[in-house]
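To start, I am sharing the structure in question, which I have written as structure tokens.
All chains are identified by letter, namely A, B, C and D, in their written order; residue positions are counted from 1 within each chain.
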């Protein structure tokens, strides 16, 4: 009996759209339906994504509610602010996966402060491994839902790195510092001078410094759920010369003097022992983004800096896979009652 | 009924070994058996290949015939010259895939000339898409074999780029020029100064220039089968700053004055129309190695330079995938009577 | 007595403009005058070229003949087709260095064929090391001139690689094949999708394949001067992931059976023995683009492939230095009667 | 009258040695004397540093006190722990520049703790721009000295980023967090698997995490001088895919509630207003390592994150230039009474 579900991808010519198509194409329960975009409509997909060889001849359709309707699942890989309107036109029963920011924040004021537009409302938040202060995981809130707000890629990396320590109470929530190394694919495919290869290769540079990056309220929202307390965060992403990947180095103060390295490690072990995609590496081995390229995995390591009184936790993910498209598919699996890991790669492509 | 076959991988800590494990792990008819190496024996696989997350705790065993015996398939990813001896100790009925050079050349003199050691003998050659002068393909010679010589990565790129024109008689075999851009993973994982990141990044440099590269006799062997005539080849590989990938730019003279661009294009179209992994791109679109990363695909384009009287054919492959490990799995499928495409990715990971 | 001359740079916000400013700033006989551009006019130079620290506060002026007039030297780093008009408005006595293509070709028909617009006329050609068939060098034609057509970067690499063999008659002019590895800075600073870092990193891809690249007639013009005969050229550039640099691999057939490796090497040695910027590397050492980064040098090596009957010559240059801005300064030195090497770096920045 | 001084470089085949030679060669008051190394002795320099074209034929001599003696200046670019012994054999009047760590720390216990060997003693510390709590600069302590401990590259970046705020009392010394993006050339030229191009390209990974990195006591030593108080530091370097460059992102808490962004900015402005090599960028422009490549410059920016209550300061340097060889030459200028900026590039090579 055929139960394969059709999935439409809006924003198919971009990087997140391409990664969605790559993962959906090999998923045993999904088939790729309409692929849509704005300015690329009418072109063959292969012109925009030569790596998607079997889909090269598919013609990109315009992104309209009409084209998207009639699919079992619709994945939106649109610029921030663009998904609210189109999502509102889709049937309630359709599973809609929003890879943009529009429905992630629960606090309309935080949205207004960082995005400056009207809030589109809040959807169930698609980070299954997010541990809450009560020990539950976010995945418990995703079964049967028809709307999913897929997390931001930087947010996923920082949250997965630090949440276990906050949930276990071994680190303090009030002075978190996160510095990230980011591949430029996270900045999208629109041609901009500062994203040119000549500018990026051989260069590292920060952006969105000083508490103004739009990912901050989303990270704080997540970490507050883990800590059951407000958190304070200094957050600095850095563009480095690799296409994909995020390495998040996150530090926080130990919650008190008596907390041992064993306590810290045990908090992370407990949080991720049964997770299929989030792996605490063996003691002494530190994550490299290359270990997660193309996979839906996160690699984590944590240690205590006794001299500085700080825990240092590091997470590596692929911003397009676990950071975006992989998370979307993982949430679709959960929402539809499929095995959570179905169709998702757990091995990266390296070197 | 369970028919899953066990596959041992010798040389598991290297780049080719890692790629074999990545592909074998998701192949529906194979399961990974022993993973072996020399100096890395005793270490967990995750120390050498952090990207192979689900296999991270597997312990590397020593490479001995005893450890390898008892598997249905043995894949050898050993340095050139090392596979002959170990292969001789494996049972005749075991399918042995040699990713090294030892059994590729049919001419012992050519081996002696380019490698300087005694020839280990010739095995069925594992490039299924190689077109012979009689129009047959190499895959016809691979059904049921128990030994496969997996082609060299540069060889695969140059052969796939040019063989159709030779088989169709539209290009001349006597003055072929190939220049390649190569990622350094093809040079292996042994630490050498000239392969350091600081040396490679920001640099392009040729190696093995002037007719001395060991891949030359193998390319000539293939192209002679296509042309049914001796071929002459100038071959220059170039190290460029990307981990994986080969871009082969190959030119040859038109076979005669009356040959049109249409004749040329039609030769390539005919050769690759039904190939699952080798794709002639749409007219005007040129291959990029990024389009094949991690996939068992080759992307090809060809044109005629009227002013120079030369055909220019370009092939892009991933040296570790279609260039090595993917080819090995593809040949294993053929040898074992499985569908040729089973378990092999046809989509690259990009950007 | 102070004789420092003022130099204006038009197109100062681009890559070639930036490199001109870098070299002019440390030249003992030049001082930077007006820096001009179109859309960037009004901005501080440091926004466009943060590496030019001492010039960071200079304000970019509009590119007009009025602004440029009154300088001793004017360097034009403008898009192809833009320099003809502005150059025509500059005084005859001003030394004008055109880094664009407009005045390079002597044959109006070749210009028309490859550029499709009206020819702006031909200026003295600025490749001092170009050897003519009569043994003279192009520098002999540059003393006292007031107009210089600075060569194309690809052209410089291919010409320097092969001209000695043609001038000495040891190679045949009728079947030259050149394949180049190119950093994307040669394609300029305008934001285009295919030049994004995410597209370029991890990728090699050819462009302008099949005899259509605009650098072809210029290379043929140079090599014909060396050979005193028409030449035939197959030319394929390839984008690879390094900001700067060109590695040109150029092959040509030996002119006859009796020519030895010694004859070949001696032709190159003779041509470049006294050149301050063009270095034939020691036997067995091959050029790497990293060895020329930021320098006005070209590194050359040549060998004979006996089996293929071809000479293989390889040249490495920095496309922005010896390929553009360095060549411009070198020619200015010659035109003004200064020492040819004045103010020009002969050491690269590596690793 | 000729006063050019001879400089010997020990460790000439490594990356720091090569950069010293590049800078010394164009310095108007220095000439390169002996170039020495251990395992490379006897080889021409051009085999190890093809970019140093004019020095390519110089033969590397063995590193012995005899060879080094008789020069006016000796620069030691040796592994940590190797310079103490050779330095002890050089005449007191010779200016010795130690680019290694041996003589940087004033506290023998800190040396013992982080290096585990006996302390070689402390030399005048070569970071001229280091601001002390009393407002003096470290350059005041370098005139006429004959021994200089050149700072570590990471140390220079972190110190320059943060010291002004500590000296001005606007930030608190007790909870500093530094995360760095580092090019692998800082890890040297010895071939190691984790430094291979295939491992580094496409990857970001931390190293020396958790308070164990040997640069920590040196940073603390510097920042304590600025703060006139003990400092506490969490320090995490990260390898990213660029040959050269350090981007240090350093945060510290505001010293108190009443401190404004203006107070902060003014502290940095005051510290660096007259510095020839350290540049506070215009408000809103953030450093990129590409802006300092090959130059003796540091680019700095600072802002206040009001929400997090932290100052974020970012410094970009070239680890081999301002981070090592440039600093050595700058200190030699100071020690010898030459103009501090003599022979030192203030423009980077970009893109």
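Please note the rule applied: a contact is a pair of C-beta atoms (placed from the backbone, for glycine too) under 8 Å apart; a residue touches a chain by one contact, two chains touch by 3 or more.
Since we're looking at a predicted model, the values are computed, not measured.
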{"item": "Remotest chain, chain A as reference, centres from CA atoms", "value": "C"}
{"item": "Comparison of C-D and A-D by number of C-beta pairs in contact, larger one", "value": "A-D"}
{"item": "Approximate Å spacing (C-alpha centroids) for the pair chain A, chain C", "value": "45"}
{"item": "Distance from the mean Cα position of chain D to that of chain A, given in whole angstrom", "value": "37"}
{"item": "Residue list for chain D, restricted to those that touch at least two other chains", "value": "15, 185, 198-199, 201-202, 241-244, 287-288, 290, 293, 350-351"}
{"item": "Chain B partner contacts - residues on chain C that touch it in the complex", "value": "175, 177, 179, 181, 198-199, 201-207, 209-211, 216, 232-236, 238, 240-245, 247, 249, 251, 253, 286-290, 293, 301, 303-310, 312, 314, 316, 350-351"}
{"item": "Residue numbers on chain D that touch chain B, as the complex places them", "value": "15, 183-185, 189-193, 195-202, 241-244"}
{"item": "Interfacial residue positions of chain B with respect to chain A in the complex", "value": "15, 18, 22, 25-26, 44, 46-47, 49-56, 185, 201-202, 243-244, 279, 281-282, 285, 287-288, 290-295, 297, 299, 345-351"}
